[in-house]
Each structure stands twice: as C-alpha cells, then as structure tokens.
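Dumping the structure here so I can ask a few things about it.
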Amino acid sequence: MTYKKLSLLFIAVVMIAISGSVFGVAQNTHNSELDKINCLECHTCPTPNAQDMCLKACPSVLQPEMKAAHTLVEAPDTFLIDELTDLYQPVTFNHKLHADMAQMGGDCGTCHHFSPPGHIPPCSDCHGGEKNPSNLRQPSLKGAYHRQCLSCHREWSHETQCILCHLPTEGKPLSVGFDSTDILGISHPVVTVPDKLVYRTPYESGPVVTLHHNEHIDLFGLRCVDCHKQENCSYCHDMDKETKITKTDEEIHAVCNDCHLEERCDKCHDTVEKPAFSHASTGWALNRYHKGAECRACHPTGKKISKLNRRCSACHSGWNSDNFDHAVTGLRLDEIHIELDCEDCHTDLAYNKAPDCASCHDEGTNPKETPPGEYLRR
Amino acid sequence: MSHHEIAVPMKAKFFSTGTKIVFAIMLAGMAAVAYRFIAGLGAATNLDDQYPWGIWIAIDVASGVALAAGGFTTALLVEIFHKDKYHAIIRPALLTAMLGYTFVAIGVTVDLGRYYNIWHVMLPDMWQGNSVLFEVGMCVMIYLTVLYIEFIPVVVERFKGKVNLPSPLSFLNGIIEWFLSIADRTLGRFVSLFVIAGVVLSCMHQSSLGTLMLIAPFKTHVLWNTPISPLLFLLSAIAVGFPMVIFESILASRSFKLKPELGILSSLARYTPALLGVYLGIKIGDITIREAWPAVLESSPQSWSWIVEMVFGVIIPIIILATPRFRKSIGGLFTAATMVILGVALNRINYFVIAYKPVYADYPYFPTFIEILVTVGFISALVLLYRACVMIFPVISVPVGQEPKKEEDGSRITSPF
Amino acid sequence: MSLDRRKFLGITALSSATLLTGSTHAHEIESKTDEVYGVLVDTVVCIGCRKCEWACNQEHGLSDKDLKSYEDKSVFKEHRRPNASAYTVVNEYRDPADSSKAYSMKVQCMHCNEPACVSACIVGALEKNELGSVDYDAWKCIGCRYCIIACPFQVPAYEYENPLTPQIRKCTFCHERVAKGESPACVSICPNEALTFGPRSKLIDLAHSRFKANPGRYHEHVYGENEVGGTSWMYLTAVDTKHTELPVLSAAPLPPLTEIIQHGIFKSFVPPLALYALLGLIMHTIGDKNEEQEVKE
C-alpha cells in the first residue's frame, strides 16, 4: 500500500536526518575543541611531538603551568637574588633546602609553575622588571619573586617583614627580636620527630589508635615522603596553626592503607593504647641473632612468613661449614673445631640445642669449661 | 494701605540692662571669632574629618536662613496677595531678613577655611551648576542684595534731604543725598520687581538647603534622608515665617513699651496651623511611604530628636494656634511662636548634625565652647543691630498720634550708641 | 572633558537658551569610564608591608620617616583613616569565620567614576580627570568642606590646624606620574603586586580571571566595579566586603539625585521664571481689584 511505503520512506528520511545531525554535532564539537587550542600558543613549531616539543621559552598566559619531573642535582644549592636591589640588599636563597622540602609537596612544580622537560627557566627569563601593561595577569619580576616566597612564608610564620629575607641597603641591620641568619635559608630549625602518637577516634568499638611513629621510621624504614605526600608547606610550618585540618574518613585511612592493606580494623583501633610492635606477638619471639635485623632482611616483600620450622636452615638454607662464620654466635671456633662439619657437634641439626661434645669427647666435656674456641661475649 | 499706623524710629535708651548683657555676650563672641581666625578651625572647633560641619552650619547658616523666612512670607502675603492689613509687619520682617542673611553670610565666612576665596563663587569660570551649595550660595548672595535694595526706601524715607554727616565725612553728604534722591525717584517703580524676585529666590534656596544632604544618603539617618527633603525645607521655612514675625513683634513691643498689635498678630497666626499642618501631613506621609516608622521608635538620639522636633516644634504649636483662646492671648502666641522657631531650628540642627552619620564614626560630635560662643555671639550681635536699626530707621509701626516726638537733632545720622 | 563640561554648565547658567538635564550629564561620564585608569587592590595578596605608605609619603613630601619605621605592624591594632598628612594607610581585617586569618587593606581615595565630591564642590575645585583621578585645585577651593560631607568613603581630609591656607588633602592618584605613563608611587613600590595599575576595564577582567584561577580564595565580588556607579580603585577581598571596612553601598551613583533636583529646579530657568511670572500676575490682578474696591469705597 502506498500509505505504508510513504510512512516507511518518512521514517527512513527522519532516521537519516537524525543520524546526520548527530554525526554533524559530534564533528562540530570535535572541531570547536580543536579550534580552541592554538598549538602556537605554547609551541614554536606547528607540529610538536613527544621527541621535539619545541616549547616556547615562556609559558602562555592561557596555560601558565607545565610540570615535568626533574632531579635536584640539576640546580645549584644556593642562589643570590640581586636583580632588583634597590631599597634592600640581595637575598641569599637556599635552593637546595627548599627543593628538599618540596619533595614532600609537588616537587619542583611547587614553585616552578613552568618546569618543562629539560631546562627550567629562571623567573627573570619571562617576568620583566617592569609590569607589562598589555598583560596585566603576568606579575613583574618583583611581584613574581615576592609572591613566590611570600605565598608560603606568610602562611606559616604569619610574618611578612621585609627584613626576614633581606636587609635594607642603607643603615645598620635591625634588631627586631630574631636572628635573621636563622630562617634565611642557611639552617633549618630542628624538626622534632614524635616517637608515638595516640589518636582518639569516633570509632566506638576501638576509639584509640596508637601510631608508633619511630617504629615506622626505624623498624620499617619508611622515609618521610612515604607517608607525608602532597602536603603543602604550611601543613608542617604553620607556626600558630589553630584550626584543625578536616579530612574525610577515606583521606585519613588512605595514608595507612598504602601499607596496611586489607587489615582488620582492630589492627589499629583498640580500647587502650597498643604496645609497640613485638615480633613475639606473631608467635616468633626474635632471639638475639634476629633482634637487630631489619624487617626487610627477612620480609623483603613485606609479607608474613608462614609455616616456618625452628631450624635455621628453614631460612638460612645456604649455610654450610665452609661459609658459616661461627663467630656470629659469640663463639669463635679454634683451629681444630673449625675444620669439623656442623653436624659433628650439632647432631640432628638442632642448632638451638647445646652441642653434643660426647660424639668426640668421651669424658663428657662441657664446652663452657673447656671451650672449642674463644667466647666473644658471655 | 492702612492709614491708622505709621512706621517711626523707636525712642529708648539703647543700653538697657538686658542690652548690656547681650552686648557682653556679643563681645565674647567676637573674641571667639578672632580666636577662630588666628588659631584655625582645628583649635576652635570640634570639627574634623568625621564631622566637617557643626553648629555653625546648622544654626548660623541653615537655621539663620530658615528663620529669616519671615521676609519673603510677609512679602508674599502683603505685597503679592495684597493683604494690606498686615502692612505693619512688612518692615520688621524685611529688617529681620536683611540682618539675618547678613549674619548668614558672616557665619559662612567664619566657617569657611579659605574665606578669602568666597568671591570665587561669583566667577563664571568657577561656576559649578551641579553643586547644590553653589545654588544656595548664589541665591543667598543675590537675595541679600535684593533685601538691601528693598530696604533702601526705608533709608530714603528717613534721610532724604536730611543727610548731614559730621565734619570729616561731610564731603559725602552731597553724593549720598544725590543717591537717595535717585533711589527715591526710581525705586518706587521697580521695587515690586525686587519683591517678586526675593520671593522666587527664597523659594529656591530655602528648598535647596534641604537638598544639600541628599548627596550623602549613606551618611544621613533614615528619618531625614528623603528625596522630598527640599519640599519639607521650603514648607517649614514658609511655616516659620509668621511665627518669627510674631515672636519679634512681641519682643519689640515689650522692649520699647508699646502695646502689641494683638489683633494683627492673632490674625496672622491663623495661617500657621494650616501651614504647619501641611508640613506635618507631608512629613508623616513621607515617613509612611518610606516605611521609616520603626526608626522613630528605635530610641536612638536621632529618634528622640525627631520626636522632639515633631511634637514640640509642630504638633503642640498647631494645637495652641488652632485654639482661638490661646491664639488671642499674647502668652499663647508667644509660646507657640517660640516653639515653632525652636522646632524649625532643631529640624535644621537634626538635618545637618544629628542625622549625620560618618562612615567611620568613632565618637559623636559636640560643639566646643568656642563654637557655641561664636553662635551665641552672632545671635546677640543680630539682636543689637536690630535694636539699633529700629531706633534709627522707621521700621516699627505705631498708631498715628502715638509716635514719639521728633528729636531736635533728628536730622543728623547719629549713632545710637 | 570635565573642563568642557564645566564651561558648558557656566554657559547654561548664563543663558537660559541652552538645555541641560541630569541624565545627559550622567551619560557623558559613563561613556568615558572604560578608558580611565584604575588600580586593583588585591587584599588577599597584600602582605601589609606598608611600603605604599612610605612611597606615598615620599612622593608627596608628607613625612620623612625612614623606611624601617614602616616595618612596625603594631599600627594595625587600631583602625586608621587617611588624613591630611597621610593619603593612604594600610589596615587589617579578619576573616569572621576564622579570626586567626588576617588580611591587609590599603585605603585611599577611590577616585569614583561619578564622584559625589566633584558634584558637591561649589567652585569646581575638584574634578574628575579623564585619566581617572579626582584632582583638587587648592587655588579655587573656598574650604567649605561639602566634599567631605558628600564622600561616601570618608576620604577627603582637611587641614583643620592651618588657620590661613587649609587645603583638602587626599590621594592624587599620582596624576602627574600617570600622565607620564608611569604607575602611581604606591603601585610601583608594592613588592607583592597586590596593587595592579591599568585601564579600568582590563582590571575588571583581571579580577574575574583571578576568581577563576583561585577558586575559594576570594569573595567573588569586585568592590568598586559597580559601587556608587563604579570607582577607579577597586578591591578584591577574601571575605564578604561587609566584614571589612569598605562601606556597603548600592550601585547607583550619588550625584544624579541632587543634580536632577537642581537641574529640575533650574531647567533653563523656566521654573523660576514661571514662578516669577505667576507671582507678578497675582500681584497685578489682586492689586487692580483692590484699587477698584478703593475707588468704589
């Protein structure tokens, strides 16, 4: 029937129109987004690629940030900032100290908003001595320097005296009640590392969380940055921080969960302070030989070791009479005994038991009275 | 024109006891003025960057202009509407206005920091047509001139053909005589033009005084901060004109031991409740439309001052003067007139001082002793000058036949002092 | 521009043939506001070093106190205002939600687009310069202090202690430096670039770009963009400006109300002349009647 044909035709036309418009819209979106980006805004060549990014020396106002990984060795330890010396003396800037600190934050990008791969340009490459009237968004060199320093320094010391960083060119140094050589980037104040932190949490069945901070550093060998990631300067340095930083539950747990994966809550949460970690709690009290060992010497992957027997060879499978230095046990064997096989004294390979002298010495010699060598400690 | 009364110079000893006190106050005031010019505004006043205007503007200038409104209201009544039975009050009202405006000009000069530049207002090169103050200044200056011109016939009447200055100035006699005769011949024809001009000028600057603070709406208390403030200023100035005439007339008759013209004054006072009533009605309407009634009840110095201004300055005088028994008694008239005068003065003080809220007000303004002394001194000087003028010139009318006898040497310009 | 306008007004006042209304006058200024210069004061960036005070005092010879005395932050304990011997001062404001957070705020003349002081001045001693500054001419000034009354920011200060030649004193926007293409002394010295000098319209763009680039850091309102018809000096604050010393003002410029009333009253001198004619007519008519009556009597 023509009716049906006509309606089919109509539907087909509509379908084509819709698909065409959808396609067209998609096409347009893509184009308009591409149009928004002008490659030459940031690149000197029209077709930049990963090998040759041909970045401009100065970033575009539209895209002032560019952060690539850099290593500290590329930069000198100390700079003398003296381009603008006028009312004040030059500033001695300890770059190394700040760079070290920045590792706990955003690395070089903490300060260098434009750190492209390769050479990081100094501020003065782009920021001119005079304000550029056609580009009010870009600070002059003076503004760039001061904002760079003060944005952090004012946050933690809440002091903005000029003489904190530089002395007036005229007149004598001022006495305003502090040693200007101290915070000048020449030495850093001693950081007091806490041994133990006890947190009270709202978790009802285990409100007390004990963090043995020293344990994490000494025992587990963690570096500061392993836990203190992406923290801005004032997190540590705010001298009169009154307000508590509010974090979500996820954020609070995230720092622990990096290592303590899939642990039960009571691993950390308890009703009382948890004692420091003792290896005996695992069912394996460490003897004098193992006490001093680093955790990772036995737990290279950080995982538990299970189904272990008491025999040294369970772990130290490679030891034999040729390569074992008996002196580590506190007894340095004499010329005669050192030639023996391990099993000659330690029958049944029971090294945790007293040696069986009777296998050679009929009279039942006590090794303590007539030692098989020299006792190094008693 | 009434032929039963004639204006004559008053006869009395100039220095009565009261006059001596007033004179002493005036001298103290003059000393205070001298101190202001030598030591500066900072030393003499409590004016500062928070409160740039004080009682000198509010009382000496703004209230002075308002209270001199009798000049144009009586001119309007008698010379334009030809209510001739009030003819006797024209000259006292004119003299009040003339002296009042003179002291407004002097008061402004004392308040101005660079008073020697006041002539700049007249330089077309410096005319600033957007400035309300410019309009006020121009109008006051022209009106003051008009008032002096209007007063010339009184001088002519007294001295034409009698100019006889003493020896060192006697060479001026001819010139003055010539001037007086010219004025006598010409003024009669033109004086009515000046009279109308005086009314127009008065309407303009009386209202413009109320526009002054509209440039600072954020610094003016809501009770006075209304765009119809110029209308309210004009209406209150018109309303205070007759009470001022009544007040002076009663005081003058007391002082010169004349019988007060109770009939004329009572009759004149009939206008006042109506004029005040219109003012009150518009004021209440304004507060209502702007929904400012809560501010009336906020119990601040401003709200109390507003209540006092309205109750004692407007409502009670309306009641008194609307009651025939009170209106026909000297006591009732004088009380009501005084209340209206003080009410309007308080309104001007409220508008320029009490209602003014500096953006960063650390303390309220209160005038120094020097400021008060200058203001009181000027009022005293005005009173003395008025007394002197009515004794020299034929200003105050007395019934025909009761005029004091002419002095033997009345033909000379003599100092009353 | 302003000179022409004043002459224009003078002519208007002289001959009633010319017509002037408040609205045309307002438009004349509005069309110019985009070209004027301004300064953006970013109180979030300001560190309160008070170097601007020193530079201003040096530039205008107001004080010879040495640089290091401006390190004294104890002045922030009390709220200061510009006065006859200090055109600009730095104050402190605090975040009402967290009083430990203090910000510094430099205050000076705002150099309004439609200045109330200029409209108020009786002799035209204050004028809005086409570069943006509100200039004062002491030679014209009569010392009436109406400008102080009119200013919504309580800026103009007066030399009350000077008995003979007192002047209005306020920030000049260093108009001589600006005319030479330099920035004002305070802007030049500002170490942290809390002050940005430039064309006013570009400063507004800059302000909004800072809001965008630093979400949460600013109270997103450019104070002075619209207040009292806009000001040449504008402020960025960390908190709502009602918690700072900046007065809460509406967007309507102040002069139109009084100017419309004035120009309404004086419009080509028609209302006064009409009143004059009316009164003359009344005087004449009633006078004639009276005479007739007298004749009858």
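The letters A, B and C name the chains in turn, as written, and every chain counts its residues from 1.
Everything that follows uses one rule, which is that contacts are C-beta pairs under 8 Å (C-beta built on N, C-alpha and C of every residue); 3 or more make two chains touch, one makes a residue touch a chain.
If you're wondering where the values come from, they're calculated on a predicted model, not measured in any experiment.
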Graph class of chain-chain contacts, one of line, ring, star, complete, other: line
Chain whose mean Cα position lies farthest from chain C: A
Chain whose Cα centroid lies nearest the overall Cα centroid: C
Separation of mean Cα positions, chain C and chain A [Å, integer]: 55
Whole-Å gap separating chain A and chain B, where each centre is the average of the chain's CA atoms: 86
Between chain C and chain B, distance of the C-alpha-averaged centres to the nearest whole Å: 34
Chain C residues counted as touching two or more neighbouring chains: none
Chain A-touching residues of chain C, taken from the complex the two chains share: 45, 47-49, 51, 66-68, 71, 73, 98, 100, 102, 183, 190-193, 196-198, 202-203, 206, 209
Residue ranges of chain A in contact with chain C within the complex: 87, 131, 133, 136-137, 139-140, 142-143, 146-147, 150, 154, 158, 160-163, 168, 170-171, 174, 176, 240, 242-243
Of all residues in chain C, those that touch chain B in their complex: 6, 9-10, 12-14, 20, 25, 79, 81, 83-84, 116, 118-125, 140-146, 148-154, 156-166, 245, 247, 249, 254-255, 257-259, 261-263, 265-266, 272, 275-276, 279-280, 282-283, 286-287, 289-290
Touching residues (chain side chain B, partner chain C) in the complex: 36-43, 45, 47-50, 52-53, 76, 79-82, 84, 108, 111-115, 117-118, 120-121, 123-135, 137, 192, 195-197, 199-200, 203-204, 207-208, 211-219, 227, 230, 356, 358-360
